[in-house]
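The same subunit A turns up in both complexes below, where it pairs with subunit B and then with subunit C.
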Partner chain A sequence: MAYTPQYGPGTSIVAENRRKQMNPNYKLEKVRDVTDEDVVLILGHRAPGSAYPTAHPPLAEQQEPDCPIRKIVKPTEGAKAGDRVRYIQFADSMFNAPSQPYQRTYMEMYRFRGIDPGTLSGRQIVECRERDLEQYAKMLIETEVFDPALVSCRGATVHGHSLRLAEDGMMFDMLQRCVLKDGVVKYVKDQIGEPLDREVSVGKPMDDAWVKAHSTIFHSLAGVAFRDDKEYVEYIQRIHALRTKYGFMPKEE
Partner chain B sequence: MTESQFPQCRVVPLRMLKPETSERYLNEVVKVEGIRRMMVNGPSIPAVVPYGPARGSPNPNSNRRTIKVGDATMELRVQVGSITFEVEDAGVIEEIRKVTNAFFTQFPAQVLEGKFMKTEASLVDYCRYGPNADPSVIGLVDPRRKEAPVIIQGRK
Partner chain C sequence: MGKIERSQKLFLDALKEKFHGQDPKSVNTTFYNFDGVKQSPRKREFMAATKAIEQKRGISMYDPEHCHLGGIPMGQRQLMTYEVSGTGTFVEGDDLHFVNNAAMQQMWDDIRRTIIVGMDLAHTTLQKRLGKEVTPETISEYLHILNHAMPGGAVVQEHMVETHPGLVDDCYVKVFTGDDEMADSIEKQFVLDIDKLFTPEHAAVLKKNVGKSIYQAIHIPTIVSRTCDGGTTSRWSAMQIGMSFIAAYRMCAGEAAVADLSFAAKHAGVIQMATHLPARRARGPNEPGGIKFGLFSDIIQANRKYPNDPAKASLEVVGAGTMLFDQIWLGSYMSGGVGFTQYATAAYTDNILDEFTYYGMDYIKDKYGVDYKNPSPAKLVKPTQEVVNDIATEVNLNGMEQYEQYPTMMEDHFGGSQRASVLAASCGITTSIATGNSNAGLNAWYLSMLMHKGGWSRLGFFGYDLQDQCGSANSLSMEPDRGLIGELRGPNYPNYAMNVGHQGEYAAISGAAHFGRGDAFCFNPLVKITFADPSLKFDFSEPRKEFAKGAIREFVPAGERSLIIPAK
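After this line comes the complex of A and B, so read on.
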């Protein structure tokens, strides 16, 4: 019988959303439109329209060693062209942001190729070849894993994910990369905090009901409490017990 | 040195405040008589980018601006998250609570009672700042800062 991955335990909406995001067969709902140029501007790695700088000659132009793995694994478009490795980093507010660092890494590992994610408590960075990155970034910004107010692209100075929201519902950002203007969130700086030549609109912040329905974070005050999901608690306790027991290296007599 | 028996309280709104709202709230609350010291806390908003690839470039930010409280002007360097008060007696806290509850209608704010400011210099403060540190700011900010505390007068 073919193996069907379960992706994660739990009966709550949070658990369901986590499974949806991880499952590569589930098509993430597209919520907003961002142009390719907008994504390039937010990333800030190259000027829009300029050629991709390269780290090595295209694979077709160079002799590859005789390697069985290289025969099995097909290179991504970026790797084929010899692009530089560049990154996008997200900070997700604990107040019901639609994704969070661990979740992002799981999701990206299931959905994308040729990536190197880095998971931290308040931010998640993903590195890959520049041309692949732009595609992935576009998907990450346009779909339901992004909320303009609660998620933000921050290459540096990411502080804010665990703070109270501002009066207008925006997550705190020391560099104020995005501002809420007439109900629409606009990036005025790129992800590292350099001012942009023009504002980049990423759409309206989602309303409370949507945010709660799409959250992947347990939060006893702002959303679903972890303890309310009995199946999740049971699973985590099982893992905890097994890890602890294994720490004592039990031996069968 | 501040007497240790002065009561203290801290106002914590559910959301972090914009400079305009902070200005309006502070102008309401300074009308309460008997506030000895007041401290505005929150995450810092630096004038220049402190680290990262854009380090050293200016950081234009609409949340960092000068506000006027009473007849004194002060530069907000933080996004206002909480405001700590040291007051003459417990009755003043009740007054602050009344003003706070009347002011915050869109979202709630808590008024916590307790001890939030140092009331005398500790040994560490003495080692760091020496015997001549300004006692009115010990435990609140770095006493070596060049800016003096703002004195608010002319409460209306």
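After this line comes the complex of A and C, so read on.
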């Protein structure tokens, strides 16, 4: 019997949004345009237009061992070219940022190839070959999983996800990598905090109604209370009870 | 599950003080206008002290305005003060770093320098092998000699060097026994009076467990255990015990029976506070990684002082445990870092864990009729999976909602690891108190973790991924995993060994099971009695108050060297 992913439990809008983000058959809504060059500037790994630094020669130019796995797994474009591995890291505000750390990881695992995500409470990093990363980053910034005020690209010094918002609605960032100017959020530093030669616009912050409708975090003050999604809570209780009784080979009673 | 009404919010005063003039429920605030690192009086003090140090030594030192993030100092947000929970004392965060807090250091010093040695084996050797008479009078005389020798006084040989009593005044030996007649016959200065230190019910249980045996509660000098290590404690103590027996009972210093006394004092009659660790941890006995959680709950004495408040008793174990296991053990011993201070402080500041735990107390009283203020094994709930799930779910959801409803509290516990530990601890402690079963408490901890992760799509640092997502499966798996009950687990238990934000709370979950039952001790009655001693430098019945005293620089520690260094 073919397995059909369910992408998680829950009857709430939060649960539904989580499923949408994870489901690769759902097309994430494009909300803003950010040029390829601007993505490269925010990432801060290479100068726009410069060649991709490499970690090894292109696969076509090097002797590949006779490995059955390499025959099965098709390399990504970045891997083919021998790109080095670089990263993008996001901090997501708990005040209804449209994606959240574990959610990002789940989403990326379903949608991207050749990635190495890392999940913490205040940040989520995904590492991969550089030219693949630029494609993924563009999607992560341009679509509904991003909000200019509540999500930000931060290589280091990520403190802010759990803080109150600034008076202008921006998430705290001690490096102030992006600022709200004339209603538009502009990056003045790259994700690691190096000043940019020019500002990079990532568009207007989404309004309250939009972020509530696209939230993937339960929050009794800012959105949907976890308690109110009974199916979700019961699912976690069930998983816990099954693991307690059967370890990681759960059986239904 | 089902939310209950609780109007009291124990954290509110702290939040109002910390975020002065702001609504604790506010969602927005101002940033970037706090004058950076200079907003903190303690940081300003550090900067001023640095100037003098640099002038004196000619080498640069603390320079936060230059060295932090290439010139962007901390303090772009408000640098908060903290109330040490349950004390009303507000302190700077820096004052809770163990380097800056003499009380924290002394708590660990007092544990590391303690050893318990039974006297029965030695008395048997003296009586049966050597035909010596052992009476309360000879025991008192021996203790007199031992209290001269243990700090570093010579007792047998000529022309010996000795230690300055002013440097080792924290060193002494007392004894205890369950034999009232014997206890009454030994000089009072040397006796830990169980009847005076414990409630009548607890005293009776403890004395029954000790029986007619006599134990020495030994505290070697702080300065010795600091210069050497915890493994030294039994050796230093055994050496002085051997010499004191020789002196008190007029033995030949070289006769073979001395070896029996030495063996008893070094091995056969010794109770270490911590077992030695495997070679990869490179620590001997009496170092933090070997302290079993049940034993640690016996070291902390809050249940002796507050027998009708198991929640407070547990919270004091959390405070002491997170300080020792997170700040000192994992934070510095193991990681080699400056310390994991703020992982730990979240659990014992601003009354946040206290509030979540007392919500749990109200819940188990309301839902299950557990009269937690009158602990008794007869009044507990059977620890079924359904009960664990119900309690942990409700206590956890309440905690998450409190964080959400009070954004200043979320800002206070700005790290996911802090919130994860606090939420899970409240669930674990509540469940332990309700059921009297520490593994039920641990199981509740792990449900809290899964629920937290499900609700907020985040948890703590990577270490939480490791142990908290497999914890459901190992909290009750005694046979398949060769698992242990909570009391017998410790900081070096598989999966626990490198994870900050857990061990102090686990210790409290172990203790809570017994505090909820009204037990006299959790794991070892001898340890419970030994740390009830009012002569100890650190008051183990009030660790959080002691930390607060340390933070405001009112705690007087041992091990000072001012006697032997130039006066400033």
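Criterion: the second predicted complex is superposed on the first by the 243 of 253 C-alpha atoms of A that agree within 3 Å, B and C clash if a C-alpha of one lies under 4 Å from a C-alpha of the other, contacts with A are read in each partner's own complex, and residues count from 1 in each chain.
By definition in this document, a residue touches a chain if its C-beta (ideal position, glycine included) is under 8 Å from a C-beta of that chain, and two chains touch if they have at least 3 such contacts.
These figures come from a predicted structure and were not determined experimentally.
Visitor: Report clash or fit for the pair subunit B and subunit C bound to subunit A in the combined superposed model.
Guide: Aligned on subunit A, subunit B and subunit C clash with each other.
Visitor: After superposition on the shared chain, which partner residues are touched by A:S220: those of subunit B (first), subunit C (second), both, or neither?
Guide: The second partner, subunit C, only.
Visitor: Which of the two partners, first being subunit B and second being subunit C, lies in contact with A:L165: first, second, both, or neither?
Guide: Touch partners of A:L165: subunit B and subunit C.
Visitor: Any idea whether subunit B or subunit C touches more of subunit A?
Guide: C
Visitor: Could you look at A:M109 and tell me whether it touches subunit B, subunit C, both or neither (first, second, both, neither)?
Guide: A:M109: touches no partner chain.
Visitor: Mind working out whether A:Q237 is in touch with subunit B, subunit C, both or neither, as first, second, both or neither?
Guide: The second partner, subunit C, only.
Visitor: Kindly classify A:G155 by the partners it touches after superposition: subunit B alone (first), subunit C alone (second), both, or neither?
Guide: Only subunit B; A:G155 stays clear of subunit C.
Visitor: Please work out whether A:V184 is in contact with subunit B alone, subunit C alone, both, or neither, and reply first, second, both or neither.
Guide: neither
Visitor: Let me test your reading of the model: by the given contact rule, A:L175 touches which partner, first (subunit B), second (subunit C), both or neither?
Guide: A:L175 sits against subunit B and subunit C alike.
Visitor: Quick check on the superposed pair: does A:I192 touch subunit B, subunit C, both, or neither? Answer first, second, both or neither.
Guide: first
Visitor: From the superposed pair, tell me which subunit A residues show up as contacts to subunit B and also as contacts to subunit C.
Guide: 157, 159, 163-167, 172, 174-176, 193
Visitor: Which positions of subunit A touch subunit C when the two form their complex?
Guide: 18, 94-95, 100-103, 118-122, 157, 159, 161-167, 169, 172, 174-176, 193, 216-222, 225-227, 232-233, 235-237, 239-241, 243-245, 247-248
Visitor: Show me the residue ranges of subunit A that touch subunit B in the complex, using the header's touch definition.
Guide: Listed in rising order, the residues are 155-157, 159-160, 163-168, 172, 174-176, 179, 192-195.
Visitor: Which positions of subunit B touch subunit A when the two form their complex?
Guide: 13-18, 21, 43-46, 49-54, 57, 59-63, 79, 81, 106-107
Visitor: Going by the contact rule at the top, pick out the subunit C residues touching subunit A in the complex.
Guide: 1, 3, 26-32, 69-70, 72, 74, 76-77, 385, 389, 393, 397, 400-401, 404-405, 407-408, 410-411, 413-417, 419-420, 443, 446-447, 450-451, 453-462, 465, 470, 472-473, 475-477, 480
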